[in-house]
Amino acid sequence: MPRVEPRQITVQPPITGQETLLDVQDITVSFDGFRAIQNLSLKVPRGSLRVLIGPNGAGKSTLLDTIIGKVRPVGGRVLFAGRDITRLPEHVIAGLGICRKFQAPGVLEGLSVRENLLLAARKHKGVFATIQGRPTQAEETRVQELLTLTGLKGKADVSAAELAHGEKQWLEIAMVVAADPELLLLDEPTAGMTAQETAQTAELIRSLVGKHTVMVIDHDMHFVELLQAPITLLHQGQVFREGDLDTLRRDPEVMEIYLGRPKENAHA
Amino acid sequence: MLKVENVSAAYGQSPVLFGVNLDVADAEAVTLIGRNGVGKTTLMRTIMGLHPVSAGGVRLNGEQVEQEPAFVRARGGLAFVPQGRGLFPHLSVHENLLMGLPALSTRETAKKEIPELVYDLFPICRDMAGRKAGNLSGGQQQQVAIGRALVTQPKYLLLDEPTEGIQPSIVQEIEAALTRIRRELRVAVLLVEQYLDFAWAFAERYYVLQRGVIVESGHTARTPQADVQRYMSV
Amino acid sequence: MDAVFLAGQMFTGLSVASILLLVALGLALSFGLMRVINMAHGELLMVGGYLTYLCAQQLGPNFLWAAFPVAFLGTALLGALLEVLVIRRLYGRPLDTLLATFGISLIMQQAARQLFGSTGVPVTAPGWLAGTLTLHGGPLDGLAFPHVRLFVIALSLLVLGSVWWLLTRSRFGMQVRAVNQSREMASALGVNTRRVDLLVFALGSGIAGLAGVGLAMIAPVNPTVGGAYIVNAFLVVVVGGVGSVLGGAVAALILGAMTALAEGLTSVSLAQAIVLIAVVAFLQWKPRGLLPTQSRALEEA
Amino acid sequence: MNAAQKLNSAAHARRELRNVPLWPAVTVLALALLPFFVSGYPLALLGRVLALAIAALGVSVVWGRTGILSLGQGLFFGLGGYALGMHLKLVATPKGELPDFMVYNGVEKLPWFWAPFHSAPFALLMVVLLPGLAAYLIGWLMFRRRITGVFVSIITQALVLAFVTWLNGSQGLTSGTNGLTDFQTVLGASVRDPQFPRTLYWVTLAALVGCFAFTSWLLGTPFGSLLTAVRDNENRSRFLGFNPAAFKVAAFVLGGVLAGISGALYTLHLGTISPAMIGVAFSIELVVWVALGGRASLWGAAGGMILGMVAKDRISSAAPESWLYIMGGLFVLVVLFLPQGVSGWLQERRKLTEGHIPIIHREDAHAQS
Amino acid sequence: QDTVKVGVLHSLTGTMAISEITVANAAQLAVDEINAAGGVLGKKLTVVKEDGASDWPTFATKAEKLLTQDKVAVVFGGWTSASRKAMLPVFEKNKGLLFYPVQFEGNECSPNIIYTGAQPNQQALPALDWALSKGYRNIFLLGSDYVYPRTANLILKKHIADRKATLAGEEYVALGGTEFSSVINKIKAAKPQIIINTLNGDSNVSFFKQYQAAGYSAKTLPVISFSIAEQEAQSIGPALLSGQYATWNYFQSLPNAANKKFVAAYKKKFGANSAITDPMAHAYMDVYLWKAAVEKAKSFDPSVVRKAIVGISMDSPLGKITVDKSGSLTQAVYTGQSGAGGQFRVVAQSKGVVAPQPYDKLAFPGKTCP
């Protein structure tokens, strides 16, 4: 649990009347002069679900990169539970309670599926803590649950390297959930999943909301619809629209840059 | 004609494909569907020559090619857009496109340059020509990858989940582009897809793969999506 | 310290840099592009040296012009042989190539010992390379540039230019880089990756052979001479940024200058330790070398 | 869950090992009883290579488990060896005199860093502490800056070369190329005592068994999984909240300390420690024999070192003029045909006969950058 | 049993193989000759050859193997002082006997080693005397960075000061070093009249190539070397070395009868192009010396042989030599000048033979062998 340092609490009132957990303030990210994100601000209340959509290259993944410290902004700052995390090392940010699923699945290939989850579920992450501590009963149980939930139970002792693409996708989602973080960042969790799996994932995510705060990126409008959450649409590194799916679907500019012709966005 | 005859394949000692039969006629659009992990990607890689067959054969234009390395098959008219796109991350977008040309080195008649159609279909290939491919966003990479496959002027195009991670409007564009490719270039397409909507809209025939075995095949026009839906559920 | 001494040391720096570069360029190909850590690279230099010796024996004083093609082709062929027999089976296992080529280097050393004797063979630079270019008058009166050194500098610049052009400006270079990044995809696009691998490794070896000709003018030709250069050559490649030919050139210059400075100010034997530590410190600052090849995709995957 | 999949997990492999504690016990017992049947040169040779096997354990942790190929283990080996050697040299020097090499180099006062080595406990502490600290410092500098793969190999190689160059160039302080020789007594026992070789052999064996037990226990804890995690996907572990640098440094320190202990024991066996025995070639050799045995397993690493070094000794005696061909050829063949070393090959065969799935990770993930 | 084993332990591989293989050959030649003539005390000698691999600890372990496993009566071997120092405790512990054929820095006298190479007063100091006598009074000391050059130069510096000559500079290069630009630049700045060169091994090749490239020659700046003999001259290239000096106890060109026989026999066995050097001659003679001692002692027991060897005197390729009680030789010293063919022409020689002095009186006053 992060300690909230009083003097760093932001003065701005939270949008939904709840406490703001993630507060992205005016960040700009530049790659060799190319501005992938420009003066972007965004607030996510504690316990809420937020969907991030936007054209390919809009800067969605880069935004997540910035939050978890993989990419450092040239301007602006990121507050998490009131604390400025903009310059903290990645593992410290993760330790504060932010966990991310990457767009390309990232699992620990040399370990079994179960070990992947056990490591993710560990509370104590220091060198000496890992030497001393075997997994707790609670961690074991949690891992069992997740194995069942994600359908990976049959492959619990298989090395993660041997999973098919979609299975790795599931494993990584399970790892993020096992880590039990305050804030979950999911980058295209349903890519490569069947319709039914997509629905399951949506259900899983909805079950997390409240206790956790979740931010999801996806291009699958079915999925987005199932999530029933406020949407932020990024375009060219900036917030372009905020609102619910129906409003966005009626917006001609949104159709133009992102959704395409109305008839066919059913399938994608 | 691209013909897969009784192909089996394995990772080490663990078999993944068991005697798969499949064919794609010239200029035909065929889709291969199936749940996660049933072996779709493995089959595509085996056809391309990136994974060895443990039994069975692959016939390209009537010739047995299952023992030929991938580059020979590429020169014979096979192109592959893998899951995960497979761009060369340190090469620029333009250089990635140029890398389609070696496939033409043995085809005397072919013009060894990037067809204008590629820029037409995927303007990003021109707009971002100088950028390092590895720095593009996922959707951008997918477009370049398909564009690059077209540079090889293929007869058969193997696409492994091309819409994965692509924004809706571009999915439409890709769909339109693929349709144009088929119509204008008469390229046959073998498409692996999870999205039945897309697969059914695009393809004429389908195969369902389950645990390494083709369990059903037919014409999309004659089979309602709902009939195959059960193969896709957990 | 007088001006002539200082100027002399600056030239020393340049001269050392040219040798480092010459030795490292072949590695920049095999190591930077094919991820083959060729511990036998030093022995390929040695082969270049012995081939120079054979030319000198056969042809007398004007052997040098023949030595370049002979050494280049000879070592390139040897490199091709190694590629086919060993390296080819190890792509994608860079650390294993290190171990295997270390074994090859032992074999080559012993072979040289039994073919040419342990003592080493004499190679003397031709007469026209024996003199010096000496400044007369002015503040640098007496400053001398040995012809041999100027020759090696010119040789390394020539090889540098050719390699740079080949890699960054030619179609072949592009294919090489593509194969380096994804062997599978390159193959799926019609590139005969085996042929590319073979050519690159042979080329890197051939360049080692050319370097061997240059070195034979200033250093011994004996079975163990390769060991004297191998560590420094790897340092140049690493400091320059793996895969970057120009980075390697700059790195060679910096290392050369640093060596000359440290040798000038302290003793020659201490200088090496100082330079090595400085390199490690430098990598603290630039962990991926001067001109790193970076990409988002690689890091994320 | 089918039996085939079961075996593929590292956790399972470990559990299985614990179920068959018989053959390790037999091996250790046989080794312990050996001095009653063998003496003289063969025993000395075996003792020597047992000492080196301790360094091999370190290589297995650092390389096999954590994916860091250090070509500078000689540095830590040397620090351990010199820490003990300095003490032994002082003990062998008559009271009030300077070690002979200092006299010949015109040194008139015992250098400050030599003085504490009069104390045996201090020297023994330094055998562990010096390499440990050096590894900590080097590891911290490298891994904090995310230096990986071949960069680490080349930097460590440069460092060991720098160390050797310094030793060679500082003769008044270190005895240079000659190194430290001519020791007389160890903790009061004369090295010429006929019982000394046996005692030393048992001490070495005990040290090896102790180090082995400790290391394998450590790798069995979640710490061990973390090392694998860091090796396979450093970023993933980082974004799960683990600090990969800390784990790499920890592994590196462990590898360094093991090398240091090995170096100290080896120094006792040879009766000398010199730059020649810790340089680049030695460091590569360590790695090669570990690769031969199989870097992923402690048994493989230690066994590879023991077999490799004995083989080298025998072959070089049998064919003093052409043994390099045999050695060089062996290196090449092992790498080509036993990519996972002998232990990896045995494991694969066992799986095959039992119908399990062998997985060969051809890529050294860390070496990609 | 009618054979007795003798060990030959030199570097057959690695950097030192350059120098040591031919020394091993010379020892082998002597053994073959002795066997052909009937052996020693009626027994044939069998050589157990081991490779020290240019690695000092390997010398120690191989020595241990020779003594404890093969149980050889004597070992001929070693070149660098470091290898000798590594072997010394092994020979003392196992009561073995080592014949060491190379010039060294002194400061050592083990009862288990017969030091037949030159002590500093049998090579370095006579060379200095010769240089001073020729009027070269500003001296640059250049050496490889290890114990022999450092100690030899320590002694030389005391004597240079004692003789009121000047030290122009002093520089060391790591063993095997190949880059001499800076060194030559420093030499240029120091403007010496002569260089005393204690570089070892292939560094000499680099040095002389680069020295010549920088415009120097024996005429403009002479070099007198202690580790360059006929063989090194061959691999440097005689042209590069032409006119330079070396000081040794032996040159291939020595006209005595024993030497003529030795040179002819060696060339017959190892090729007509072979160059023959001081350490080779010492190694060859060492075997005969040991034979003489064994025959005098009527025993192969090393400790008995060691006692018997003191005072033995014989005519060898080096001329007349005698073993003194410290186990070193009383022998003559020659300074030679290199000619176009790679052979040295003797330009100066000691008056008679010079007795060994393991500890230099000026540098290490008060020290003697027991």
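In order of appearance the chains are A, B, C, D and E, and numbering begins at 1 in each one.
Methods note: a residue touches a chain if its C-beta (ideal position, glycine included) is under 8 Å from a C-beta of that chain, and two chains touch if they have at least 3 such contacts.
In UniProt terms, the chains line up like this: A = Urea ABC transporter ATP-binding protein UrtD; B = Urea ABC transporter ATP-binding subunit UrtE; C = Urea ABC transporter permease subunit UrtB; D = Urea ABC transporter permease subunit UrtC.
Quantities reported herein were computed from a predicted structural model and do not represent experimental measurements.
> Treat touching chains as neighbours: how many steps, at the fewest, connect subunit C to subunit D?
1
> Which chain has its C-alpha centre farthest away from the C-alpha centre of subunit A?
E
> Suppose each chain is reduced to the average of its Cα coordinates; what separation in Å results between subunit B and subunit E?
74
> Between subunit B and subunit C, tell me the centre distance in angstrom, where each centre is the average of that chain's C-alpha atoms.
Centre separation, subunit B to subunit C: 43 Å.
> Taking the mean of the CA coordinates per chain, how far is subunit A from subunit B in Å?
Centres of subunit A and subunit B (C-alpha means) sit 30 Å apart.
> Which subunit A residues reach two or more other chains?
Those would be 103-104, 106, 162.
> Give the residues of subunit C touching no fewer than two other chains, as numbers and ranges.
Within subunit C, the residues that touch at least two other chains are 109-110, 267, 269, 272, 298, 300.
> Any chance you could list the residues of subunit B touching two or more other chains?
In subunit B, the residues touching two or more other chains are 11, 14, 135.
> For a test of understanding, state which residues of subunit E touch subunit D in their complex under the given definition.
12-13, 49-51, 53-57, 60-62, 64-65, 68-69, 80-82, 85-86, 88-90, 92-93, 105, 107, 145-147, 150-151, 154, 172, 174-175, 364
> Please give the residue numbers of subunit B that touch subunit A in the complex, ascending.
11, 14, 35-38, 41, 83-84, 135-140, 142, 161, 163-173, 194-198, 201, 229, 232-234
> Please output the residues of subunit A touching subunit D within their complex, sorted ascending.
Within the complex, subunit A touches subunit D at residues 68, 70, 89-91, 94-95, 99-100, 106-112, 114-115, 118-120, 122, 125-127, 130-135, 154-159, 161-162, 175, 179.
> Any idea which subunit D residues touch subunit E in the complex?
Going by the criterion above, the answer is residues 40-42, 44-45, 48, 100-101, 103-106, 165, 168-169, 171, 175-179, 181-183, 191-192, 270-272, 274, 276-277, 313, 316-317, 320-321, 323-324.
> Given the complex with subunit A, which residues does subunit D contribute to the contact?
Answer in residue numbers: 1, 5-6, 8-12, 218, 221-223, 225-226, 228-229, 231-233, 235-244, 246-247, 250, 357, 359, 361, 365.
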